[in-house]
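Listed after this line are the structures, all set down as C-alpha cells.
In what follows, subunit A forms one complex with subunit B and a second complex with subunit C.
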Partner chain A sequence: MDLGNLASLRLFLPELLLIAGVLTIIVLDLLLAGGSLLGELSLIITACALLLVAEAPHAAGDWLFNRMLVDDGFGFFFRVLIILSAIVALWMSIGSDEVKVCEQGEYYAILLAATVAMILMAESNNLLMAYLALELVSLTSYVLTGILRDNRRSQEAALKYLIYGGVASGMMIYGMSWIFGLAGSLDFSVINRALFMTRDAPALAIFIAVVLILSGMGYKIASVPFHMWAPDVYEGAPIPITTFLAIGSKAAGFALLTRFFYPAISHLTASGRWQALSNVDWPQLLVVVCAITMTLGNLAALQQDNLKRMLAYSSIAQAGYALLGFVLLSNDGVRAMLVYLFAYYLMDAGAFVVVMIVANATGREDIGAYRGLAARGGVWPAIALTVFLLSLTGIPATVGFIGKFYVFAAAIRQQFYILAVIGILNSVVSLYYYMRPVKAMFLEAPEPDAAPFTAEMWNYGLMGALTIATIGFGLYPPPVLDFAERSLRFFSGQS
Partner chain B sequence: MLTHPLTLITFIPLVGMVAILLCPRALTPMCKWVAALTTGLQLPIAVWIYAHFDSATSAIQMVERHQWIANYHVYYFLGIDGISVSMVLLTALICFISVFASFSITRAEKGYYALLMLLDTGMMGVFVALDFFLFYIFWEVMLLPMYFLIGIWGGPRREYAAIKFFLYTLLGSVLILLVMLALYYYGDAHTFDMTQLAARAGSYSLTFQRICWLALFVGFAIKIPAFPFHTWLPDAHVEAPTAISVILAGVLLKMGTYGILRVNYPILPAASHELAWIFLGLVGTINIVYGAMVAMAQTDYKKLIAYSSISHMGYVMLGIASFTAVGINGAVLQMFNHGTITAMLFILVGVIYDRAHHREIDGFGGLAQQMPIYAGMTGFAFFAGMGLPGLSAFISEVLVLIGAWQTHPLMTVFGAGTAILTAGYLLWCFQRIYLGPLNEKYSGLTDLTLREAFTLVPLAAIVLLLGWYPHAILGLIHTSLDHLNQVVVNAATSATVALR
Partner chain C sequence: MPAGLTLNHFVILSLALFLLGSICVLTRRNAIGILLGIELILNAANINYVAFAFFNPAAHYDGQVFAIFVIMLAAAEAVIGLAIVLAIYNHLRTIDVAANETLKG
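What follows is the complex of A and B.
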C-alpha cells in the first residue's frame, strides 16, 4: 500500500525508537556528569529496536512516507542485520579502552544516528532519499572515525574518508541527475517503468548514469576501484567503529546497491532471473569489478602486519565474494548474497572483537602482539580468532563455508564458471594470510617481554556468542538459509 | 547388537575429544589414556563391522540416512561397501596404534590428543560418508588438526611444512567443491547423493565428464600424492612427529585413491575409461620409478621412507588404471598393505630418532649389535616393503602387475623392474644403519621398549597374515570392486558403440 506520513509511523517504530534514543542520550549527557552508563542505555535501546523489528507485522509490503521508503521482506533482512551490527558495535564500545576516553554522549548519539541512517539507506525507494541516507551515514562515519582527537592516525583517516566520500557522493548525485533527466522521476518503480517502456531509451546515457551511481555505492561497500579509503580508515578508527563500518555500513551499501540495480533498473522474469536493460551492459562491468575486488583485496592482504589493516583488505575481498552473488542477475544469486552477508557479519565481527581484546590487553594491533598468545594465557581468544579466520577462509563446519558454498553454488548454477574458479582460487590464496595470526598464536613462542594476558568477561561474552553462532550455523545452516529465502521479496506495488 | 555402527565409529573420537578438553589441568597426563580408550573402543566396533559385513553383495550396507539441510537436499548419509570397509578397518587400526606411538609427546598433551581425535573423526567420516556434501565436510575438517599437529609438535621447519600441506590440500579440495556443485546442478533432479549421482552417470555428456574428471583428479592426486603434486609430502613427513607420519602415510594418502574409486570411477565412468591410462597408469608408473630413484638418493632416513611411500602408492594407481578385476582388487589390497607397512616403517624411524635425535642414514652403523630386536623388526618391515613372498605386499603388488600386464604391458615392465630399485635402496639403507661396525657414539642405545613393541607387533602380525591369507581382505572387497570395474568397462563399451 501507498501509505501517507501519519499512517507510515506505525511501521516506522524501530527507527523512531532509535531516533528517540539519540535525543535522550544528548539530553542525558548534559544532565549526567561523565556520561557513564550511556553505552549500556544505547545497547538496551538498540536491543528494544530489534524486538520491535521482530514484532513488526509481515505484510506483502508497503510504501512509507509517500513512497520515500519501502517496507518489504528485503528491507526486513537489512533492518535486522544493521541493528545486529549496531548491537555488536555498542557492546564492543562498552568494553573498549579506546572509547572510554572519548566524549561518551557524542559518541553514542552519533553511533545511534548512524544506525538509523543505515536502515534508511536499506529501505529507500527514491534516489533522493537514498542520497540523503547515504550522506547521513557518511557524515556520522567521518565523525566516528575521527573521534580519537589525540590520535593522528584517527584524524588522518577521518580526513581521507571525508575527501574520498565527497568525491564519490558527488559523482553519485551527478549520475542521479542523469537518471532524473531520462526517467523524469527519482522514484524507483517509476524509473523502472519509464526505462522499460521507452523504446528508444539512450543506452549510452543510461550506462553513464549507472556507472556514476555505482561509484557512490561502490564506495560504501569498498569495492575496487573505490576501496582506497578502507585500509586507512579501518586502521585509524577505534576498533568498534571499524567493526561497525565493516559490517553495518557495508550491509547498507549492499542493500542500496541491490535495490537500485535489481527492482529499479531490471525486470524479474518468471524463471527467477533478472533481466537488465538491453544494451546497458552494467552486469558485465560488475563481473569485472567483482573479480578484481576479490583478487586485489586478497593479494594486498598478504603483506599486512597490522591485523586491522589485514582485516580491512580482507573485507574488500569479502565484499567481492558477496558481489559474486550480486552479479549473477538471479534470485539465487541475491539469496546467496544475503546468506553471505549474514555469515560475514558473524565472522568479521568476531575477528574484530578478538583484535579489540588483544588491543585492550597489549595496546598493540600488529601481528607481534599475537605471538604465543595461546601459551601466555589467551588460549580462548586464540581459539576464537582461529574459528573466525577459518570461517573467513571458508573452511567447513563454519558459517563462512555455508556462505561461500551458497555463492559458488549460485554462480555454477548460472554458469559463471570462470568467476567461480577465480573466487575459489582466491579463497586458497586467502588461507595464507588468514593463517598467519593463527601461526603466530599457536606455533610461535611469545616475545620475551610479553606480559601475561588478561581480558574482561564482558568482551569474552560477545566473543563466545559469536564463536558459537559461527560454528552452530556452520553445522546447522537452515535457519540462516530460510531467513534469506523469506527476505527475497521486493515490494514494487504490483502485489 | 549395534544399531548405528557407522555413526558410532565416526563420532566416538569426537566424544573422546570433548572428554580430553574437559580434563582438569591436574589430570593432563590422563589425556593419552582417554585417547587410547577412545580408539580402543573403535577397534571392537570395526571388528563388529567386519564380522557383519555381507561380502556377497556390492550394495551399500549399514545405511543411515537423515535429512540435514533441506534447502540443498543434503543428507546425513552413511554407508559402506567393499571399498570403504577395508579402509574403515585400516583407519581404526592405525589410529589405535598411533595413539601409543604418541606417548613420547610431552608438550601440550591435551591439545595434541584432542586434535588427534578430531583427525580420527574426519578420516573415518570420509570413508563412510556417501553424501558428497558430507564427504566434503569430513574431507576438509581433517585439514585443520593436521595443520596444527605438524605445526606445533613438528620438527624445526614445521611451520613451513604445515602451511605447505594446508595450502596444497585446500587447493585440491576447492576443485572438488566446484565439481561437486557442477554435478549437483546437472539435470533437473538436484542431489548430492553419490549413489544417485552414479545411477545417472549415463546422462552426463562426455565433455562434462572429462572436465569434472580432471578437476577431481587434481584434487585427489594431491592427496595420493601423484607426481608432480607430491612435493608437500616429504616436507610434511620429515617435520611431522612420528605418530602423525604414521597417520599421514597409513590413512591420509589412501583418501586420494579412495576418492578416485568412490567418485571418479562410479560417477564418471566413461571419462575414467578414457583418461585413466594417462593420469593413473602413466602417472602411477612415474610415481613408482621416480619415487624409488629419489628414495635412493636420500640421506635422511625419514625422507627415504617418505619417497618409498610415494613409490608404493604408484602401484595403487597403476592397479586402478588396469580395468581388470585382478588389478583393481590388487590396488585396494595394496592400499591396505601400504597402510600397515609404511606405518611400521615410520614407527621404526621414530624409534631411532627418539634415541639419537637425528636421522642421518650415514650417522649410524652397526645398530644390529646394539639393538637386535629393533634391527630384526626393521628387517621384517623392509622385506615387506620390498614385496618379498610370504609378506602382504607381495600379493598385492603381484595382483596389480598381473592386472596391469593385460592392458598396459610397457608400464608393467617399468613397475615390476622398479622392485630391484626398491630392494636396492632399502637394503643399502639397512646396511648403512644396522650392519658393519658399531658407531661408538651409540653404544648406549637401548633396544625396543615394550610400548614400542606393542605398536609394531600387531602390524607385523597383519602383514604376515595377509601374506599367507590375503582372502581376509580380498574376500571383503572383491564383489564391490568387480562390480565397479564392470560399470566402467561397460560405460566405455557403450560410449564406443554410440560413436559408431
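What follows is the complex of A and C.
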C-alpha cells in the first residue's frame, strides 16, 4: 500500500525510538556531568528498537512516507542485522578503554544517529532518500572515526575517509542525475518502468550512470576499486567504530546496492530470474569487480602484522564473497548473499571483540601482542579468536562454512564456474594469514616483557555469545536459512 | 530563457564542471583544494538536476528539491570536513594529504 505520512508512523516506530534516543542522549549529556551510563542507556534503547522490529506486523509490503521508504521482507532483514550490529558496537564501546576518554554524549548520540541512517539506507525507495541516508551514514562515520581528538592516527583516518567518501558520493549523485534525466523520476519503481518501457533507451548513458552510482555504493561496501580507504580507516578508528563500519555500514551498503540494482534497474521475469536491461551489461562488470575484490583483499592481507589492518583487508575479501552472491542476478544468489552477510556479522564482530580485549589488556594491536596468549592466561580469548578466524576461512562446523557453501553452491548452479573456482582458491590462500595469529597464540613463546593477561567479564560476555552463535549456527543452520528465505521479498507495488 | 538554449547546453556545461572537479580532486595535494574539487562535482550534479527538471514538466519539483538537498548536504559536509582538516592541522602543522603519512601498507 502507498501510505501517507501519518499512516506510516506506525510502521516507523523502531526508527522513531532510535531518533528519540539520539535527542535524549544529547539532552542528558547536558544535564548530567561526566556522561556516565549513557552507553548503557543507548544499549537499552537499541535493544527496545530490536524488539519493536520483531513485533512489527508482517504485511506483504508498504510504501512509507509517500513512497520515500519501503517496508518489506528485505528491509526487515537489514533492520534486524543493522540493529544487531549497533548492539555489538555499543556493547564494545562500554567495554573499550579507547572510548572512555572521549565525550560520551557526543559519541553515543552520533552512533545511534548512524544506526538510524543505515536503516534508512536499507529501506530507501527513492534516489533522493538513498542519497540522504548514505550521506548521513558517511557524515556520522567521519566524525566517529576522528572522535579520538588527541590520537594522530584517528585524525588521519578521518581525513582519508572524508576525502574518499566525498569524491565517491559526488560521483554517485552525478550518476543519479543522469538516471533522473533519462527516467524522469527519482522513484525506483517509476525508474524501472521508464527504463524498460522506453524503446532504444541510450544504453551507453545508462551504463556510465550505473558505473558512477556504483562508485558511491561500492565505497560503502569497500569493493575494488573504491577500497583504498578501508585499511587506513579501520586501523585508525577506535575498535568499536571499526567493528560498526565493518559490519553495519557494509550491510547497509549491500542493502542499498541490491535495492538499486535488482528492483530498480532489473526486471523479475516469470521464471524467477532477474533480467538486466538489454545492452547495459553491469553484471559482467560486477563479476570482474567481485573477482578482483576477493583476490586483492586476500593477497594484501598476507603481509599485515597489525591485526586490525589484517581484518580490514580480510573484510574487503569477505565483501567480495558476498558480492559473488549478488552478481548472479537470481533470487538464489541474493539468498546466499543474505546468509553470507549474517555469517559475516557474527564472525567479524567476534574477531574484532577479541582484538579489543587484547588491546585493552596490552595497548597493542600487532601480532607480537598475541605471542603466547594462551600461556599468559588468555586461553579463552585465544580459543574464541581461533573459532572466529576458522569461521572467516570457511572451515566446516562454523557459520562461515554455511555462508561460503551457499554462495559457492549458488554460483555453481548458475554456471559461474570460474568465479566459484576463484572464490575457493581465495579461501585456501586466506587460511595462511588467518592461521598466523592462531600459531602465535598457541605455539610461540610470550615476549619476555609481556605482562600477565587480564580482561573484564563484560567483554567476555559478548565474546562468548558470539562464539556460541558462530559454532551453533554452523552446526544447526536452519534458523539462518529460514530468516534469509523469508527476507527475499522486494515490494514493488504489484502484489 | 534566451532562445536557442537547449538541454544539451546544460548537460555539456555540467559535464565540463564534473571533469574539472575530478581533475581538481586528482591533482591537488592540499586537503582544502580537494574539498573544493568535491564541491565542483556536487554543483555539476546540481546543474543537471535543475536543467532536467526545467525541461521535463512531469518531474518539475523532484529535481529542484534534490538540488536544494544537495546544497544543504554540501554545507554539512564542508563543516565536518573543515573541522577534521583543522584537527589535522593542529597535529601536523600541515594540510598536505601526502605529507607525514603514518597509516600505510
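The working rule: the second predicted complex is superposed on the first by the 495 of 495 C-alpha atoms of A that agree within 3 Å, B and C clash if a C-alpha of one lies under 4 Å from a C-alpha of the other, contacts with A are read in each partner's own complex, and residues count from 1 in each chain.
Following the convention adopted for this analysis, contacts are C-beta pairs under 8 Å (C-beta built on N, C-alpha and C of every residue); 3 or more make two chains touch, one makes a residue touch a chain.
Nothing here was measured: the structure is a model prediction, and the numbers come from that model.
Engineer: Would you check which partner chain A:A54 touches, where first means subunit B only, second means subunit C only, and both and neither mean what they say?
Structural biologist: A:A54 contacts neither subunit B nor subunit C.
Engineer: Once the shared chain is lined up, is A:S177 touching subunit B (first), subunit C (second), both, or neither of them?
Structural biologist: In the superposition, A:S177 contacts subunit C only.
Engineer: Of the two partner chains, subunit B (first) and subunit C (second), which one does A:R413 touch, if any: first, second, both, or neither?
Structural biologist: First partner only, subunit B.
Engineer: If you count the residues of subunit A that each partner touches, which comes out higher, subunit B or subunit C?
Structural biologist: C
Engineer: Considering only touches as defined above, state whether A:L425 meets subunit B (first), subunit C (second), both or neither.
Structural biologist: first
Engineer: Regarding the shared-chain residue A:M435, is it in contact with subunit B (first), subunit C (second), both, or neither?
Structural biologist: first
Engineer: Flag every residue of subunit A that touches subunit C in the complex, lowest number first.
Structural biologist: Residues of subunit A touching subunit C: 127-128, 131-132, 135, 139, 142-143, 146, 149, 152-153, 155-160, 162-163, 166-167, 170-171, 173-174, 176-178, 180-181, 184-186, 231-232, 235-236, 303-304, 306, 309.
Engineer: Can you name the residues of subunit B that touch subunit A in the complex?
Structural biologist: Spelled out, the residues of subunit B in touch with subunit A are 68-72, 136-137, 140-141, 143-144, 147-148, 151-152, 158-159, 162-163, 166-167, 170-171, 174-175, 177-178, 181-182, 184-185.
Engineer: Subunit A touches which residues of subunit C in the complex?
Structural biologist: 11, 14, 18, 21, 25, 31, 34-35, 37-38, 41-42, 44-45, 48-49, 51-52, 56, 58-59, 62-63, 65-66, 69-70, 73, 76-77, 80-81, 84-85, 87-88, 91-92, 97, 101-103, 105
Engineer: For subunit A, which residues are in contact with subunit B within the complex?
Structural biologist: Per the stated touch rule, the residues are 390, 395-397, 401, 405, 408-409, 412-413, 420-421, 424-425, 427-428, 431-432, 435, 439, 442-444, 476-478, 481-482, 485.
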